[in-house]
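Consider the two complexes below, in which chain A is the common component and chain B and chain C are the respective partners.
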Partner chain A sequence: MLNTNTTLPRALTYQGIPIWRHAQVIQWTAQIASGFLVVFLVAWFFFNIANAIEDREIPYGFSFLERAYQTPIGQHFLPYETSDTFLYAFGVAAVNTIVVSIVGVILATALGIFVGVARLSGNWLVAKLALGYIEFFRNVPLLIQLYFWFYIVLALPPVREGYVIADLVYVNNAGISIPFPFSDGLAAALVWLAAALAGVVGGKALHQRLTEREIDTGQASYPLVWGVTVAVVVGALAWLLISFVGGGAPLVVSEPAPQGTFGRISGGFTMSGGLLALLIGLVMYTSSFIAEIVRAGIQSVNRGQIEAARALGLSPMGTLRQVTFPQALRVIIPPLISQFLNLTKNSSLAGAIGFADLTNVAKTMTQTAPAISIFILIMAAYLAMSLTYSLIGNLYNRRLRIASR
Partner chain B sequence: MSVVREPDTTTTALPPPRSETGAVGWMRANLFSSWYNTALTVVVGAVAALVAWYGLSWLLIDADFSVIATLGGLLLIGQYNTEVGCPGQNCFWRPQFILLMVSTLLGMAWVVAGGGLTKRIAITVPVVVALFAFLPYGLDRMGWDVRLLLLANLPALLLGWALGRYTLLGTWRTVAILSVGGFLLALVLLRGIPGVPGLQPVSVLHWGGLMLNLLLAVAGIVVSFPIGIALALGRRSNLPVVKLLCVVFIEVFRGVPLITLLFMSQVLVPLAFPENFPLNSLLRAAIIITLFSAAYMAENIRGGLQALHPGQAEAARALGLPGWQTTMLISLPQAIRNVIPAIVGQFIALFKDTSLVYIIGMLDIVELSRKFATTYVENGMLPYLDNVRELFIFLALVFWIFTYGMSYISGRIERHMGVGER
Partner chain C sequence: MKRTIKYIAGAALVAVLVGAMACGQEEPPAPVAPAQTEPTAMAAPTEAMAMEATAEPTAMMQESTSMSNQGDSRLDAVRARDEVICASRNDVPGYGFLDASGNNVGFDIDLCRALAAAVLGDPSKIQIRLISAAERGPTIQSGEVDMLVRTVTWTTSRDAQWGNYAQTMFYDGQGFMVNQSLGISSALELQGASVCVTQGTTTELNLADFSAQNGLNIEALTFEDTAAVVAAYESGQCDAFTNDRSQLAALGTSLANRADHVILPETISEEPLGPVVPHGDDQWFDIVKSVMAVLIYGEAYGVNSGSIPSAATGDTKVDRLLGFEGSWGQESLGLSDTAAQDVIRAVGNYGEIYDRNLGPSGINLPREGGRNALWADASCQDCPKGGQIYAAPLR
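What follows is the complex of A and B.
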């Protein structure tokens, strides 16, 4: 060490070590260099964009959000008119994406758990069919699957010759029409939904309370009976009260029916071919991934747990529901959440089959609004969604971890 | 009644009863082990048989796959060899020459690997390609020259094998270098060189078909892997600036759908560069797909690094290895080995994602099929929508062969490396 000190000028050493070999110096130089590089790149991009805005007179800013969008949106879950503003249209598109994601997530999880459990079935036929399902739907691009379902719907007979099931469900090349609850006054419906939700929450709390008492005291307390009764009674009372005060039921079931000379279906809820194909495609594609996650999760549970449960006399189904699955959940939840996020992001393929999701509407908007602003909006929207998913996942994870020993 | 010889029960055990062995025993154990399982087998079997019956009768009798012959070479190379893409010339030989290079390299890899899975792949691919020469209908402008070039893949394989066997080129290093060189040469060949006869430039806008999917996938896989490793190491480093940059990059690219990024790459990225900066739409798409994949790759590799026992790195440091050698020689190889399934899964996802380039107007095999199918329908060349289902089933099968092949190879590599055993 003394040698290096004497042969090198002091300026080239730090703490007696040549600076090009000093770990801290190297690290800080690397950090500063990479930081500068990135700052330089970003500044260069901004400079170029600013130049382009000035030279080519490219519009920017967010004032367009107040303007009328003036473009129709195919299927939408919020009421929408072409005279509505860009901001509202963006919200309508975001709600489209959110609704598709939530419905898709629920269906894909249910189907995925079913296929994943079937994959581990002791029944050879069931296990092999589940394997075939997984290997096929997982390995074919979602886009191809979407087109396939979309063209199947398009190839259905036209509206007047479509299939009718029990005068309630209409299937034709415009999509599927089903009965759906609607309300005349939105406020009354919301109040009733809130009351019903409160009833369910109250019933659940009572159920838990009575169960605890039953365990503590040994007296029969009928938790299930009381819980369900409270939920039903609260919901029914609220329904009657709102009907009496508001002069009409909060929700009425609207049934689809053909109207006019062209037999157009009105009433009920019509899922357009695009929405239908999107949901089927997303659910089948994602469920094949979820099935693999569920399988891995179940297989990760110690065999001894299952053997102990069987030795205690639990049925195979009871073992799965009360012993295997709760433990498997700990392994399943993190990748499951990321599949939910994938489903949400994959719903952006909707544009290919004519469903107006966030990306599709944003793409159309760039024709009449500044692309830079649209890009910022859409990035923010998707990042907000993915952050929500991570938040839910983290919360759930934490709860599971506390419960574990 | 004949006299039954008494078995010697003192030394040999009785054979299991007939109902427990053979096909009957297998069925009893796997299909009819309880009343519940029997019912399940009967119901599921009936439904599966019904579906298979209708599916097969449609597939074999009603389905009309002539649409695939109608599209023909378009499915393989898009508009590359049409009058639009390559006017007045036959450009089919260029992608075919690239196939020959692939066959040669496969032959060399066969020698280097010395048999096993590599040998099977090396033989299968050229043979399948050569079999295309015997298709009854013509691929796009498919004359005898096209068929001969397809057949030439077999001699090319043998040439590669001979090169590997009898020259000094038979090492992994040369095969790797030649592969990279071959890929660059392939790009130059496809793009063409202005002024050189026979190599008339073809705009990247006319690259298409399965060729485009494979090009994007290969480039994406090769480039995203090292970037992903760098990002993963950056995210785990204790240098705050580097870590922050990597986290922001990964989370932004993972948070937004690829299709949104691709679309914006067409609208925004040109603005972020000076005018007439040499960035064509294909290159932009390739960069976006690669970076997107790299962000996911980084998370996979980070998972592998986190799962690694810290004792490994500590032992390496205790042996006196400097930090970067600890990472490159000890941590990374083990981490990567542990997450091979996730990495290959990401490769598969990338290959499937190449079908998203439709959003920027590139005609890959999926978009080309959709577009031409609807055009043919509009022009009355196909009955309305009748053949579109067949077309998409065919596409699904094409993709499935590639992706399933990849996951099969991944499984073999895993077993070869003893994942989960060591």
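What follows is the complex of A and C.
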């Protein structure tokens, strides 16, 4: 009796802080409340769509993906026939967008770094020009810029009156056509490319090994000469072997030439006018943002680092390359990744200027296929692309981080 | 500091949650409220509709029960809003364009005005939503507009997927425009040509068929806006420009050197154009069909905006049209007896609309003897005028 009397009050009377100020209680309440909110919103959206579909007899479903698309696609990088299925056509359009985003990202980064460094130049004119570039391209809406470049491209002469350089390069408002490697047998081309790649990798390994030995022993051995020689010899041998065995060169150069009554250029590689305007627009626009990111990254590096590098006798360029930039990268990379994502998503404006990107083609598809399903596919495709780019970017970022001890 | 933030965040979450719940609960009854006050104003139509609604077994999802009762009839919604919302365009002379003072004008716009006159008694109570060609399907499917009149071709799959096509108001066909300097005289000579086309149109699909059938290997250059299509064609980025023939004629007027361009003789498709209404409201569908019929019979009976009689004329057909005698279904449709008077007074009959926009005062497309003439005059049922413009008889 006595024992229970003494223990009971201790268990019953709560002596901590009031329950409404208890951190754990508050946290859990917030978690549960937000959980309910999310479930409620998702359910509400879902039922709204379901009701609309039922009330207005809106078609849905994905069975159309197996049907033939039957509509031409402008410029495309994968082979495409109008008899191909919706699914394949969607893939062709997605590859168009992926190519634009990859090429765009590379060019925008190069241009952005250049302008960003120029912005910090000691040369007054260079710095101000870079500033003007950044402020102009950053502050004009991208769609307007795309129309601008589109009309610039249209101002080029039409295809039958275009510029021809050495009978090899054709420049006109339908696009720029250049000679391009082309292969009859895909297998032979792939084997050769693999062999050439192996040669390059081998040459690089040799170069590295010889360089290390040179540093260790001081014995001169021309690492660069040997590395390049190995790569070239392997590539050439593979070329000869494949030509001999397969009865033809793995790759031939296809030259563009006007065809038919309309003088349209075929052969080689043609960068269509729409693609040209799109790339110029996207690269200029994105590079202005990247330039600011690069500038901020460089300025984030402690001045003492630069002074120390200069005191050691490094040239201004050497300081930038060896000391400032590697440290700036840590600051630059995360916002740079989001610029890459922006570029990819911004490429969806291509329909305005006649390039067959994913959005343009998919919007055409809504004519003969359910719009809801198409838009779900578009969202999924961009999401997949963006997440992949983020993943790659984040992996690279992790490598750059200062190792914590 | 951190704790305060947590408090605020928690409070905000709860507030949003409660707010969302409240909205979710309040939303369904809201549309019912006006419907309950309505019967006093217009007893007959709503009663008829209420009977329809109760007779129909509502086996829909719980959330959608409120959608299926008469409170959500589109006619009521339009009257409550006091505005008819039409999806259309403003970039093609004759069909949908802006006049010098910035007003939406055109054949398609007038059809929208006629509907507003019939339903609200005032043709100016319209709202024009400008959409691109590719947006037409999703726009009408979503039901956010009351009518889609944007040079929309009637096809079976669109009818199945988009909405209900009310009536063909213009018969068109697809053609090609090329620069005369190319020296070609037939669309079959477009071997390997690059052709500019607007995205999301039947034109785009027909072009693919035409190219495949004739082995022409045509390259299509697709743009969202018709303006970009014209710019690309004019600069020579593409060799030809394809669209409905009437639109080629209309857009041709904006080219710098119209004489340098020819429309090739081939017509490669059927393009019946007319208004579309969202699926799921039969009464609204019937109203739009009847308004189109009023326009057509207005012309057939010789009733135009300047000559609307103020009392019965003795001509049974004219009197029925104008609501002096008998009925063409106004009560069941929920329209006033004199709706046709409002329509014709506001926008004129079919012939007046045609002349104003597509005829002599507009882009000057010939009508007499063509498909867009009336099938017959009222005065002489047996001597057809040869056209195909015809609607369900008004009775």
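The rule we apply is simple: the second predicted complex is superposed on the first by the 348 of 405 C-alpha atoms of A that agree within 3 Å, B and C clash if a C-alpha of one lies under 4 Å from a C-alpha of the other, contacts with A are read in each partner's own complex, and residues count from 1 in each chain.
Keep this in mind: contacts are C-beta pairs under 8 Å (C-beta built on N, C-alpha and C of every residue); 3 or more make two chains touch, one makes a residue touch a chain.
Everything numeric here is computed off the predicted structure, so don't read it as measured data.
Asks: One more residue to check, A:V140. First (chain B), second (chain C), both or neither?
Replies: Touch partner of A:V140: chain B, not chain C.
Asks: Under the stated touch criterion, which partner chain does A:L129 make contact with: chain B (first), chain C (second), both, or neither?
Replies: first
Asks: State whether A:T388 touches chain B only (first), chain C only (second), both chains, or neither.
Replies: Touch partners of A:T388: none, neither chain B nor chain C.
Asks: Quick check for you: in the superposed arrangement, does A:A356 touch first (chain B), second (chain C), both or neither?
Replies: second
Asks: Should A:Q24 be classified as contacting the first partner (chain B), the second (chain C), both, or neither?
Replies: A:Q24 contacts neither chain B nor chain C.
Asks: Determine, under the contact definition given at the top, whether A:S300 touches first (chain B), second (chain C), both, or neither.
Replies: neither
Asks: Looking at A:L154, would you say it contacts chain B, chain C, both, or neither? Reply first, second, both or neither.
Replies: Both partners.
Asks: So, does A:S34 touch the first partner chain B, the second partner chain C, both, or neither?
Replies: The answer is both, since A:S34 touches chain B and chain C.
Asks: Of the partners chain B and chain C, which touch A:I49 in the superposed model: first, second, both, neither?
Replies: Only chain B; A:I49 stays clear of chain C.
Asks: For chain A, which residues lie in the overlap of the chain B contacts and the chain C contacts?
Replies: 23, 27, 30, 34, 51-52, 58, 151, 154-155, 351-352, 363, 366, 371
Asks: Spell out the residues on chain C that touch chain A in their complex, using ranges where they run on.
Replies: 3, 6-7, 9-10, 13-14, 16-17, 20-21, 24, 60-61, 63-64, 67-68, 134, 137-138, 141-143, 157-158, 160-161, 163, 182, 184, 189, 191-194, 196, 199-202, 204-205, 207-209, 211-212, 218-225, 228, 231-232, 235-239, 278-280
Asks: Please give the residue numbers of chain B that touch chain A in the complex, ascending.
Replies: 30-31, 33, 37, 40-41, 44-45, 48, 239-242, 245, 251-252, 254-260, 263-264, 267-268, 271-275, 323, 348, 352-353, 355-356, 358-359, 366, 370, 385-386, 388-389, 392-393, 395-396, 399-400, 403-404, 407
Asks: For chain A, which residues are in contact with chain C within the complex?
Replies: Touch list, chain A to chain C: 23, 26-27, 29-30, 33-34, 36-37, 40-41, 44, 47, 50-52, 54-59, 70-72, 74, 82, 150-151, 153-155, 157-161, 173-174, 259-262, 264, 266, 273-274, 351-354, 356, 360, 363-364, 366-368, 370-371.
Asks: Residue numbers of chain A touching chain B in their complex, please.
Replies: 23, 27, 30-32, 34-35, 38, 45, 48-49, 51-53, 58, 121-126, 129, 135-136, 139-145, 147-148, 151-152, 154-155, 345-346, 348-349, 351-352, 359, 362-363, 366, 371-372, 375, 378-379, 382-383, 386-387
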